[in-house]
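Once you scroll down, you'll see the structures, which are given as structure tokens.
Both of the next two complexes hold chain A, though its partner changes from chain B to chain C.
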Partner chain A sequence: MTALIEIAAPASGRRPKGVGGRWGLLLLPALALLAVLFLVPLGLMAWRSVTDPAPGLGNYSWFFTSDVALATLVRTLAVGAVVTLVTLLLSYPYAYLMTVVSTRARIWLTLLVLLPFWTSLMVRTFAWVVLLQDSGVVNQLLGTVGMGPLQLIRTQAGVVIGMTQVLMPFMVLPLYAVMSGIDRRLLDAAQGMGARPVTAFLRVFVPLSLPGVGAGALTVFITSLGFYVTPALLGSPDQALISQQIFTQVNGLLAWGRGGAMGVVLLAVTLVLLGLVGFVLRFTRTRGGVR
Partner chain B sequence: MRAGPARIALWAFSVLVGFWLIAPTLVVIPLSFTDKASLVFPPTGWSGRWYTNFFTDPRWSEALLSSLQVGALVAVVATVLGTAAAIALTRSGSRWAKSSYGLLLAPMIVPTVVVAIGVYALFLQYGLLGTLLGFVTAHTVLALPFVIIPVTASLRGFDRRLEDAALICGASRWGAIRQVTLPQIAPGVVSGALFAFVTSFDEVVVSLFIQSPYLQTLPVMMFASVTRDTDPTIAAAATLIIVLTTVLVLAATFATSRRNRVR
Partner chain C sequence: MPKKTGRTVVNVAACGALLLALTACSGGAPAARDIDLGPGPAAAGTVKKGALDGVTLTFASYGGIYQDGQETAAVKPFATESGAQVLSDGPTDYTKLKAQVDSGNVTWDVVDTDAIWAERQCGKLLMPLDTTIVDTSKLPKDMVGKCSVPAMTYGMVLMYDKSKFGANPPKDWADFFDTAKYPGKRAIPGVASDAAPGPLEAALIADGIAPDKLFPLDVDRGLKKLTSVRSSLVFWDTGARSQQLLESGEVSMAMVWTGRAYSAVKNGAKFAPQWNQFMPVSDSLAVPKNTKNPKASMALINYYLGADQQAKLTELTSYSPINSEAEPKLDALASEYVTSAPERQAQAIKLDNTWWAQNQEQIIQKWSDWLAN
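And then the complex of A and B:
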């Protein structure tokens, strides 16, 4: 996602300032809509978090002293970390293969990543519900290799499986972007100096690919924090993630203040991590060799 | 990595990963043609009854119609607002225009559930829950980035001297934009409109909050159906969504790549 934003950053205006001013008017309708349906709602949520049910920071002190609320935040971060790690382990070899195959094979590998990317989240989560259910295909396969039926749906494992599949494109694409920019002659040079291929790969290629790892990992991690549909349908209600808790507080318990406070915390964590993404991307650009 | 076995292992691993990426979606399609009233895969017999059910059950068919209606309106509104904003962003040199670019893309990054409860609070106050206006405006905000990104990219590839030429030949500013600029950036605008439609058509979280018994979109119906029962009608709904979004996304990609070929 961030890669997308980077690519599309607008060109700096070449025009004199006087002409530039009037063009700004065309921004107004979009900005007005954004103000009413994005900024006002966010403000309203923050406002409720400090006024509902009583003015003050009660909801925040509740959040940071309640075992349940804190456990939810920690669980969300932990699931995000596991999802990020699994995604990275699956994506790194895949993205690497994309850089060494023929154009034709690369198109197919890219298509396999992009097709699920554009398939509705609801549809994919539903598919995992079907696959992971007690009598589902995964358990049938496990049965044929002699492993008893496992409880997959309504567990954290199910959530991780579903979220990993949904988020993999966000890891593969930045990894591929960075890897394809690495000069392969550096590997040959290392081997020419006597390094074994594995050593050359680990000490030359892997360090050069780290900016891609950083950008992909942070994007996956941040996106995973806001997930609602997948954990709600694949996870268990008593191991809810923060989005589910926010939903329950507001929609089920009508505890607007608490839901709002959780929302503000989630937003704050997201923004801090986004700052990190910006840092990683700037770091990527300043590294001459990688482009 | 020139060695044979390492290369084969890498291929084998990646093929498995690729299969795992694509399989879940593909499971849904045969499931929608099952003749049993359960979601067991692989199906043991075939029938089109769940499609008949989908189109005759008013709850499902009305949800589809609502989704199509909301999506179409979102595509129009988001494309008009997004294209205007993209023109302003690429032309205006002022600092606030540049910083508003980040702001316009923000709905893509902020967790949807956070936006959703805010919008819910607002709509509750002004009686907009379950209204067409509510759905269209809320979805438009989420869809705007998906219009602004491709249109901005098109505008960056567009040679502004063409517009200057039109102005010199006596065209008005608006006439030059309408007759020269817009046709040139049309592929970007078309793909933006298609992405806006797909964004709205797929959106679940905000829709779950702002729905009412009078207006539900298809993903909301699906969400409710998954939590409630194992009616294969949901597989038929999912298949229809897969077909529709795949066609639209391929069309959008085609529109963009055609632009690249022409240039």
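And then the complex of A and C:
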């Protein structure tokens, strides 16, 4: 998790010292693997986006003039933002709880997050289909308390619920990693200086936990941009995310150039957002004087 | 780049190329010209004993009970009789097939695919049928393509909830679109990457076009009609999902494949079919271009089309046989869903697969845009 936190908060003034000497060689196998399995295909995809079916930027001009493609991109970013927010709201108290309970309870809380994490995404998503469908358990429970059946599946809400559950570990774990390192005596000190518990929490604990929030939020948001199975099963076609549109182009129309262009645009948007977040974090850190 | 590294890169590349060349030379023996399938015209369902000794083929299909049935009914007996070793793969994936053909490394010898797609890719990704090896005389003429034969047939049928509309069942696609008279949700296929016959035809008929004047399809008019009932539509993307929608009773009507309709009813779904205006469709068997052993692939297809093989396939999968001489033994419920029966065929809407093949690309774009909006 430290690595993630470093990515999210590169401005602590500490630069990782150069991977010195011969130990750097240990990186080579991993780098070779990345190059062959990641960079080469990525390069081919980008190359295809400007050569297939004809050389030029036709695929990109198609993308930026297609209302549907643009709407899908915006929708993908919006869903990612909502999922990140919901995940954060659920995970923050959970991770906090993990830092205050006994070791035994903490193990249980960790397992509770990790067990679903180890279950196949497909299986979990199908489980949500069964739970959320009109005649499903959730709606039956809602019925017994007098709330009419809600349309949960084939809606944006269903997609958000499913994605949140899948992505929660990516938020809880970095949050816990940072929160467990926060020195509680700082809170005591704040209260000793006359702060009420809530004030101490908001002004001392929350700022100190921000690196975890940044790391978690970033991981969740970026992962959410590539979701395919969950929106395909829990959403409806009019809520399609960009990965589903890419699938349509690549598999249905065999328009690999367009699919490639969509992939490149998604990658570019993600990188720009990453840069923005890095900038904002650096800004708030220097201004807020955290750490 | 320093010189030394440059040379290493070249060396590695050369070794890689050598390795590729070596693997390309091995395998696939004996070569296509060595195969002797025997004298005389081919007869569906037969293959010369031992003709394919030492040949390895790969059969790709959609998996599940369908592919299991295909293997038991045709592929395994073919392997036993011909001496070929037949491997299975799947599910059929257009992207994978394109990658194989484009790279010249075709590992699928016979592929079960969508009929319209096969027509569209004829000569591009698929090779023409060798009619000296494949006997098509027992197949419906209008279903045999230049590059493909039907693998079985089924239909897109209107299913309705018996508990709701049992007393006054919907009679046609116009009723399917009449949400005032028949309230409730409707399931229709909704795969963005695969616009296929069904929703557009039904919508146009409901909008007043005579079933025999459907083609060329007025796609925009069809989509407009679909928009008018959009809030009542539920889209299914796989056969399994359509079946689940029937079994959970989430919809009151559905446009589904007959095989799935049968399975759902067998599992207790309170649904019944309205056969009027059902749309017959088929899967197709085809051979990818640049396959290593086209003769052997064609021989497998020819064997698959035999009456006995087709009858067995129907018994195992509930899809309807494509060979007119096939006589499957079915229980009462399964025979209710056989689409090849003459009385059913009389109620069928004729689809124009050639038109679909010529226009599918544009339709997919419009269809996926419509779905995403």
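In this text, the second predicted complex is superposed on the first by the 228 of 291 C-alpha atoms of A that agree within 3 Å, B and C clash if a C-alpha of one lies under 4 Å from a C-alpha of the other, contacts with A are read in each partner's own complex, and residues count from 1 in each chain.
Here is the rule we use: a contact is a pair of C-beta atoms (placed from the backbone, for glycine too) under 8 Å apart; a residue touches a chain by one contact, two chains touch by 3 or more.
Since this is a predicted model, take the numbers as computed values, not measurements.
Q: Now for A:133: first (chain B), second (chain C), both, or neither, which partner does it touch?
A: A:133 sits against chain B and chain C alike.
Q: Which partner does A:88 reach: the first (chain B), the second (chain C), both, or neither?
A: Neither partner.
Q: So, A:266: does it touch chain B (first), chain C (second), both, or neither?
A: A:266 sits against chain B, while chain C stays out of touch.
Q: Hey, is it chain B or chain C that touches more of chain A?
A: B
Q: Mind working out whether A:24 is in touch with chain B, chain C, both or neither, as first, second, both or neither?
A: first
Q: So, does A:276 touch the first partner chain B, the second partner chain C, both, or neither?
A: Touch status of A:276: no partner.
Q: Which holds for A:254: it touches chain B only (first), chain C only (second), both, or neither?
A: Second partner only.
Q: Where on chain A do the contacts with chain B and the contacts with chain C coincide?
A: 129, 133, 135, 247, 250-251
Q: Which residues, counting only chain B, touch chain A once they are in their complex?
A: Touch residues, chain B against chain A: 1-3, 10-11, 13-14, 17-18, 20-25, 27-28, 31, 39-42, 80-82, 84-85, 87-94, 96-98, 100-101, 103-115, 117-122, 137-138, 140-141, 144, 148-150, 152-153, 156, 198, 201-202, 204-205, 208-209, 219, 222-223, 226-227, 234-235, 238, 241-242, 245-246, 249.
Q: Report the residues of chain A in contact with chain C in the complex, numbered from low to high.
A: Touch list, chain A to chain C: 68, 71-72, 129, 133-135, 154, 232, 236-238, 240, 244-245, 247-254.
Q: Over in the complex, which chain C residues touch chain A? Could you list them?
A: Touching chain A: residues 93-95, 98, 190-195, 234-235, 237, 244, 248-250, 361, 364-365, 368-369, 371-373 of chain C.
Q: Given the complex with chain B, which residues does chain A contribute to the contact?
A: Against chain B, the touching part of chain A is residues 1, 4-5, 7-13, 15-17, 19-21, 23-27, 29-31, 33-34, 36-38, 40-45, 48, 90, 93-94, 96-97, 100, 109, 112-113, 115-116, 118-131, 133, 135-137, 165, 168, 197, 201, 222, 225-226, 228-229, 233, 243, 246-247, 250-251, 256, 259-260, 263, 266-267, 270, 274.
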